[in-house]
Amino acid sequence: MKILIVNGPNLNWLGKREPDVYGDQTLADLEEYLSRQVVGRDLELCFFQANGEGDIIDFIQKESDAGGLVINPGAFTHYSYAIRDCVSSMEFPSIEVHISNVHARETFRRESVIAPVCKGQISGLGFTGYRLAVEALTEDGIQ
Amino acid sequence: MKILIVNGPNLNWLGKREPDVYGDQTLADLEEYLSRQVVGRDLELCFFQANGEGDIIDFIQKESDAGGLVINPGAFTHYSYAIRDCVSSMEFPSIEVHISNVHARETFRRESVIAPVCKGQISGLGFTGYRLAVEALTEDGIQ
Amino acid sequence: MKILIVNGPNLNWLGKREPDVYGDQTLADLEEYLSRQVVGRDLELCFFQANGEGDIIDFIQKESDAGGLVINPGAFTHYSYAIRDCVSSMEFPSIEVHISNVHARETFRRESVIAPVCKGQISGLGFTGYRLAVEALTEDGIQ
Amino acid sequence: MKILIVNGPNLNWLGKREPDVYGDQTLADLEEYLSRQVVGRDLELCFFQANGEGDIIDFIQKESDAGGLVINPGAFTHYSYAIRDCVSSMEFPSIEVHISNVHARETFRRESVIAPVCKGQISGLGFTGYRLAVEALTEDGIQ
Amino acid sequence: MKILIVNGPNLNWLGKREPDVYGDQTLADLEEYLSRQVVGRDLELCFFQANGEGDIIDFIQKESDAGGLVINPGAFTHYSYAIRDCVSSMEFPSIEVHISNVHARETFRRESVIAPVCKGQISGLGFTGYRLAVEALTEDGIQ
Amino acid sequence: MKILIVNGPNLNWLGKREPDVYGDQTLADLEEYLSRQVVGRDLELCFFQANGEGDIIDFIQKESDAGGLVINPGAFTHYSYAIRDCVSSMEFPSIEVHISNVHARETFRRESVIAPVCKGQISGLGFTGYRLAVEALTEDGIQ
Amino acid sequence: MKILIVNGPNLNWLGKREPDVYGDQTLADLEEYLSRQVVGRDLELCFFQANGEGDIIDFIQKESDAGGLVINPGAFTHYSYAIRDCVSSMEFPSIEVHISNVHARETFRRESVIAPVCKGQISGLGFTGYRLAVEALTEDGIQ
Amino acid sequence: MKILIVNGPNLNWLGKREPDVYGDQTLADLEEYLSRQVVGRDLELCFFQANGEGDIIDFIQKESDAGGLVINPGAFTHYSYAIRDCVSSMEFPSIEVHISNVHARETFRRESVIAPVCKGQISGLGFTGYRLAVEALTEDGIQ
Amino acid sequence: MKILIVNGPNLNWLGKREPDVYGDQTLADLEEYLSRQVVGRDLELCFFQANGEGDIIDFIQKESDAGGLVINPGAFTHYSYAIRDCVSSMEFPSIEVHISNVHARETFRRESVIAPVCKGQISGLGFTGYRLAVEALTEDGIQ
Amino acid sequence: MKILIVNGPNLNWLGKREPDVYGDQTLADLEEYLSRQVVGRDLELCFFQANGEGDIIDFIQKESDAGGLVINPGAFTHYSYAIRDCVSSMEFPSIEVHISNVHARETFRRESVIAPVCKGQISGLGFTGYRLAVEALTEDGIQ
Amino acid sequence: MKILIVNGPNLNWLGKREPDVYGDQTLADLEEYLSRQVVGRDLELCFFQANGEGDIIDFIQKESDAGGLVINPGAFTHYSYAIRDCVSSMEFPSIEVHISNVHARETFRRESVIAPVCKGQISGLGFTGYRLAVEALTEDGIQ
Amino acid sequence: MKILIVNGPNLNWLGKREPDVYGDQTLADLEEYLSRQVVGRDLELCFFQANGEGDIIDFIQKESDAGGLVINPGAFTHYSYAIRDCVSSMEFPSIEVHISNVHARETFRRESVIAPVCKGQISGLGFTGYRLAVEALTEDGIQ
């Protein structure tokens, strides 16, 4: 089963940007951490990061045969109806992830235009949030 | 380490209420499921459900020596500033959980007045969401 | 057939509170009036009043085998999504009743968060409103 | 005692329009049903339907010696301040009736500009609602 | 010079409706009062009252060769964009008049959708307001 | 196949009203233009214009056996829920047409309460818009 | 009888400021025009202009024995609750006047915080508006 | 004279919750402080604290023969229309008190739904605020 | 210790303005009342009233060595960000006072732009409110 | 004459995405359909689709010598002020097209930030809408 | 060429007020700094500061023969439509300056009612902002 | 010291787009003008323009060792939280520049989501604004 791990704008800047909010670990650290979690499981993690809205849509469309999507849309969370439409048109389930607790920051960060077309959303749990999202997409959940 | 698992109003009605939204498993099923997950770990799960705002606050205050709180405030999510103040005054971290994806339902369900004082929020992942919240509270997270 | 007659906060204060708005008859008068109306009919009226949101939910859940609910949620009308969820999860139909015409008073009294999950709403008709609600729940309506 | 039964725009289309919302009975059925209810009582029901705002006002002014008004203003409910002013200037009491539960439909249907100048409002109870309104206008209410 | 004096819905009810707001004089009194003012002047006053929006537009279009319009749109003031479009398409100037001070009443009475396409507006000055409007339309104003 | 061509308030004033916005051709010109377009086709165009909301509803109800409706509701576009309900209750499809580009004018002209119950909307294309609407209603569309 | 004629900020700039909106006549012209109108009548006009909110209040309080107030508050119209409170506390009636039609200009010019405590308001009638206001304050109105 | 001193949700947590906002003194300290102030005066202070909305209403109704109420509704300040209705239906005067300056905190803390039915409100003065409220209720005020 | 007692616009009109809201005692009565309260204490009360925003700021700046400020900004409460900035830039604490209960009057009176930079606010307690404010500024508070 | 046919994000997914809303025909079908319509006419259709906002602007700028633009901006309709500015700066006329009736879907789909700078807008008419837009751009319209 | 440098309320308090926001240099320092910049140029800087709205308008009107205006309206920025009207009626160009970045502070500081009638606005650049504004007013810009 | 000069979407169209708003000089003219200003100074100006949000972010991240950023985000000003996050994560200061006075245009152009994370903003001063921004970034400000 292939899981897409998509990170939006400025997440390639992790570890450099507002370390008190996002920690000092980098995107590479995140990818390594996630890869380590799935060692020995029949799971392929497919990483992608871009600062452009169109590039993210292009990637998801190209990988439309995946089994699930974990997406941190960064700032696109709040206005990219284009990514919303893309996620919504895929057949696989998606989970939106945020490293920080978006509910405890600026008002504009509280609204997600993408979450309504996802299966669920996890926020505030750091890198762990990504791992939990992968688990939720892959386990034989009881509900 | 003691983890509080608090469910708000009408969650004792799980399995009976809108099964297409919440599934047909009951609160007892949820508690059994979670108990099974922590077997053999040094974790005490402390379950509580009430339909009254004051009862929930009383319980949390009484258990203020716990190590963490997983709370599904039900409808109180959207207006109980009293529970917000209670959660905010505790020293242990809290995670808000919703069984269904609140972002994909009525507008009023999209705002949480409690999430801003939690560590994070998980929604849309069913019973799994509770389990992931327990994990997030107990693991030696990298971030 | 059992009909629940539930009155919310401060309705035990009927006759004492703002008599120009609510009249000078008491809750006991209301219950006696309604009981008189159903004499000789195969109807059991089950009265309940409480000032606590949780108590009202507890009562309705406990009586979930009733045939219908007449509810005057008092001030809870305007914010108790918890009672809304409770009413919505019952199998029997509910009718919301208000003694005074809520549309002719303060702005906040014009919105009901509970009415959307009821069968209907009656306001402004005094005690008569309760009786009409009972009729509507029990007659073989032509609608 | 003469009671006016006024139906606003498109209610002459009852039975044809959205039968899942309004049922398949016609305006004629409604009038016959109501007439049957008052047989043998000292009550004259005076029926009127029009699609034009001015026609409704003309009718009510012409019948200003009536004893009461049951009005279903249809879509005019939501914006006809002209009908509101007309109803407000009559000496007899008025009750606003809606066949469907306006609180459970589109947002714009939740606001009535006419209800604030009525004695009360009944919604969601089908044809029964009209009958109950007539009762409320004619009985020697205890409140 | 012909001046149109148009009164909207319920103004034929003057003297009967809310006398504390509108006084106890009737529409006939108003018309007589205005006629008396223009005796001996080269002015034709053309009176019209209707409760229907379309009737008012029909009248104004028919009299499009008049020299000015004094209009009290009654409740249509607040929502009749149709009358606005009609007034706006005439070549003669119009003045909106209100008997009572609309700024001191319910909020909805404060907005006029018609005034923006008039030359001016007079409110709160009773019958006098109509007379002043006629003066303003006919005098060789210095500004 | 019979197509209704309904024009709302003040459209009988075409050519006289704001010629820079609406051009200088008249309603008669429009009707002649459209008639010319359908010469030799099995199409009956049925023209109607009125300044009154109720008259428009009366007409549409009377012609409920038509095959389609092209409607320019004029100012009623923005508040006539009565016409909306009427259009919505017809079995034939409707297309809303505006001569000018409503999106480029006053704010209040941007919202249509009628468009949501139409098949589609065309604005800004002058008389051509009516013709295109007729085409869209009559062609064996590929979608 | 003494009538106060109060002009607010920038009205001393009349004739210089936006002549297309306000004309090219000056404040002196206005005062001369008004004085001419009342020649031979038992009326004393008392002129005042100031750019400061406090100065206007000081003046009105000092002249609290006047018989009426004609006030063009200029930009203070839209936010000076202090002048509102002052006008409201006087025993004589006040009329608010605007030279231009405030309803046809920027949105912020449409709201007056002072008009609700006046007897009435006249706008859009140029200098004539002041004269009409004086008339309305002094005539034995029939209203 | 009996004065009720009612504290709402989480105020039993005083001294533990956000000490930088609320200080480090406890509810017991507050009660002792107030008791000390009234020593030797003919005043009975009646203390009550609860986390439940219904419990607070029950208490106030039970003590309806008191001479005054000092209430810090905690988070209920912002949404408990039920407590508002209760306070409003008492014959004795009430004063709302807040320890911190609610105007200088989160936006939601600025609105009180209860203050409109109180005699007055004191905020930001710490424990002193309670004492001043007691004084205001008991002195033979000059105004 | 010097305490400034500043009253804003129209408070020199106390006793004359709306006596049912503000009582019939004058500003002189207030100042005498307060002076009497501090007899024999080491307190200098420094009274000031003005109708102009700038005058109030000038006064406060000139007295920047005072020990505290009791300010009733009158209507400036609701829009004078200039006074807010002034109060905020002083080193001494300020308390905002209102004679009437601003929460129970017009909506616009509920918002204070000055209170957020004060230590606290007292409203609805008449002249007593000023005295309590002086006490709060001078006592060795326990909080 | 060259006409640009520009489709925005996710429209390359036509036929796969929500077939109940958008039908099951693909972007290739659309282009073929449109090409077929213009066979034998002196018209060059220039097709372009991209998921990136910048790519669409780049394309339009590059083709600034075209004679007209038919644009379906997809989700960019609702927030791309950048495309608006681009369309606005072209000398040729543009028509905005939507396959589905945007007025009958989610609220956010009702606002177009691009339509105000277009000649017109067509929505809800499927592929036909594109063809009608081409016609409108190319015919010698009477208006 | 004469340039007016006008500073609004509390700017005479520079250096004392919130030094972390505004720095610790005074208004005198600012004026000296600016004077130094224009030494040897044919420029007369005319400084003015006042806390009163009317005083600022009086000054600008008196200096209406100046060649330009640099204005920091302080808190008046956000509500003084009176100063806006004054600035707008001058023939010389004006530039609004703010020492701090108003976009990064409280919400109310983000709106300027004066900037729309200025040539431009500079914020966040400290004293330098004033100097740059003088440059912009005096250079033969290429713009 | 390296200064980035970044221009957003459609600014490559300068001189062609709305010349009455933006003048008729081109982007090349702007760059030449700025280059000329810094001749002989130890300043490297690094120019960049793109129509794509992601491209702008890519560029800024790549040049993260610069000493300052002058950015005219064009239409992205109003919604690109992605660019905001990028600018915010850089260590060098940024100044937002607009050629026209955004405060005097359409409402949507008045809000900048990027300015809050900049040092300051300059608008309405044409090309001069860019030069002043460079000066502000490079001078040893006294602020």
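We call the chains A, B, C, D, E, F, G, H, I, J, K and L, going by the order they appear; numbering starts again at 1 in every chain.
Just so we're on the same page, contacts are C-beta pairs under 8 Å (C-beta built on N, C-alpha and C of every residue); 3 or more make two chains touch, one makes a residue touch a chain.
Bear in mind that the values here come from a model prediction, so they are computed numbers and not experimental data.
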| item | value |
| --- | --- |
| Common touching chains of subunit H and subunit A | B |
| Selected pair, out of H-I, E-G or B-C, that shares over half of its residue contact pairs with A-L | B-C |
| Same-site or different-site touching of subunit B by its copy subunit C, using the half cut | different |
| Distance from the mean Cα position of subunit H to that of subunit G, given in whole angstrom | 47 |
| Whole-Å gap between the CA centroids of subunit C and subunit D | 23 |
| Whole-Å separation of chain centres (CA-atom averages), subunit C against subunit K | 63 |
| Multi-chain contact residues (two or more partners), subunit J | 52-55, 79 |
| Which pairs of chains touch, using the document's own definition | A-B, A-J, A-L, B-C, B-H, C-D, C-H, D-E, D-F, E-F, E-G, F-J, G-I, G-K, H-I, I-K, J-L, K-L |
| Residue numbers on subunit A that touch subunit L, as the complex places them | 8-10, 12-13, 16-18, 50-55, 74-76, 78-79, 108 |
| Parts of subunit G lying in touch with subunit E, wherever the complex brings them together | 23, 25, 29, 33, 95, 99, 101, 103-104, 110-112, 115-129, 132, 135-136, 139, 141-143 |
| Touching residues on subunit F, where the partner in the complex is subunit D | 52-55, 57-58, 61, 79-82, 84-86, 88-89, 113 |
